[in-house]
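The chains carry the letters A, B and C, assigned in the order they are written, with residues numbered from 1 in each.
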């Protein structure tokens, strides 16, 4: 479904990703893990179009998406839940979800998408009128994911969803992501919490200093070595 | 002692003026909140629209409501034009360059107006009845202007909170990148915002021309007040600008009747400086 | 003796003898334009002390006005020599600058917001001058009371050439101040502040003190420039010396010439004054307002197409040629 081939990208003179190649097949859940500063966020930003790649190819469902603007890539079926959630703090929960369905195609399916989001995250239905900035961290994360679902995507990019959440909340969140996956969405998640995310996904990549150092099936990687490397680096 | 009736009259006039000032401040704030650029030449756009109304109504004899509609349309077109021709190319430039661009527009508009229409003051004469409220003479023009400005602001409020594109505009002002991830083309949002901001300038122009004469340096009279109001209310803060408009207009009106019009400005300035010390973020510091 | 230094000395030598070169009718006019260029370059340099560190002020007209009006009014009403009057002007301007800069620094008023605050301040000084028309002359301005004869005490001279050398000295002094600031600790501190205030504060840089300090320096120098201009022209007027018009012109000249170099403001000022004069002569009194219209239009075009100013653009072009030379 999504394929990156030899992608290099960065910010100005600084290159954050070197020659990255990876693959996500439809229906899969894939993780990208690695130490801080490895370039994980940059990776997702290149895929969703917030940054243009310096070189390399990105294809989604056969279409070339490298260098296309973000609003176009969303239209193709990729939703990005950014690092730090980035919900609109002064808008209500309901308005945040409305914004998620900004695209005309998404707006046509608005009622349907909203029902699905409310079924997955009942708390969002409860707190519809509440100002998004006043939600707890976990609720904001759910709102961010729900908002992404409103655009009717087939692939969802999650950037560090567990960041800043209490351990109990993290377990709940990953459960919810599992349920989202079960609804048929393909997931690419970038995470620091290696142990938890490996329980969620089928495959994982290890990204270090901008390069893919390792990849494999989640069960195979869930050993001490991989986890240690992911946290501390080689 | 000042006759309390004069004070009351000044207070009412201040209130009525505040309505139109609020339109100016809100338009400027809307654009800044979304695009992050201050249109220094904003009040000069108002000036151009005022000339338009003058020519349509006073010279060609069309009814005032036609002039008003034309002004709104012209304002929107000017807003779009400014964004496409001047703002778009410099969106990623340094702030000083962005300010110089709209500053250059200010020079251009003021001088071009001088060239086209000389520095003569032009006004629109409307045959309106005089109103008396509790022994106070009230200008009907002012009253109408105030009422319409309140209605327009209400309209703006509804637009920003009840419509899709309006909510999107608010969202962009809170997080531009996140909104791009929702599928919104930032350029399109900017264009709508610029058009709305320009349209508001057009409305303000129609409401001002029935109270004040227009001349090329009209911006020099109303510009500083508008900027002070925006800073006082907190740049980008719509509610703050609304409140600040009335504070400023009352200060100017009441000081104007106690001392002189210009002293009114001076006192407003002192208030402004004091507020900067007490609340640099504006009287209602920006949330979120 | 490097080629640059030799060129600099040559230029200085030419400037030093210019007033004595027989130019006939054009003589007086040339001197007049050069004096303006010296004074406004000095003022531009003063602005650039703030501008280069990201403190974009659109209200320097306020400091100009304060400087010019203080000395002029003190001389006209009290006979106080402008030399002392200038000291008062400097003090008044410094206090004023602190009042404006302090809350802005402490509460992180920056970028467009800061520019807007300074713009409002500049405009209000103009309005203040107009409001107090009883002693400031309002929009009609005030003429410096003639001292009768050439007087060093009153800083008035019949011979323009005296002003010429005074302005030249002022301009050179401004360059010297720029040089000192550029080489000082303050420069590194301000650059750190410009990049990341919090980081700068965390290594012990007293952010507020530096920001206010550089603002005061810039303001005071601008005020001195205002005094110089008032003495030369013998007339002060709120529109030429305060308000947004003059503030924008200063900024434009500096940005056009190059905000980060010592001679940038001078180059920019020389060009904008030359342009202004050319347009004025071209249109004369035939099409009032046309000269300014074209000026405004050119300003917009320059900013869009030459964002790094002349210095910056030239530097970029030179850099592009170098890699070709330094191959292999």
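Please note the rule applied: a residue touches a chain if its C-beta (ideal position, glycine included) is under 8 Å from a C-beta of that chain, and two chains touch if they have at least 3 such contacts.
These numbers were taken from a predicted model, which means no experiment stands behind them.
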Item to check | Which of A-B and B-C has more C-beta pairs touching across its chains | outcome: B-C
Item to check | Chain whose mean Cα position lies farthest from chain C | outcome: A
Item to check | Gap in Å, rounded to a whole number, between the CA centres of chain C and chain A | outcome: 52
Checklist outcome for this item: For the pair chain A and chain B, the C-alpha centroid-to-centroid distance in angstrom is 43
Checklist entry - Centre to centre, by mean C-alpha position, how many angstrom separate chain B and chain C? => result 31
Checklist entry - Taking the complex as given, what residues does chain C use to touch chain B? => result 51, 54, 56, 58, 99-100, 103-104, 106-107, 109, 111-113, 115-117, 119-120, 123-124, 126-128, 130-133, 243-245, 248, 251-252, 255, 259, 287-293, 295-300, 303-304, 307
Checklist entry - Along chain B, where are the residues that touch chain C in the complex? => result 32, 36-38, 40, 86, 89-90, 93-101, 103-116, 118, 216, 220, 223-224, 227-228, 230-231, 235, 260, 262-263, 265-266, 269, 272-273, 276-277, 280-281
Checklist outcome for this item: The residues of chain B that touch chain A in their complex are 164, 167-168, 170-171, 174-175, 177-186, 287-288
Checklist outcome for this item: Interface with chain B, chain A side, in the complex: residues 48-50, 69-71, 74-75, 79-80, 82, 86-91, 95, 98-100, 102-103, 106-107, 133, 147, 151
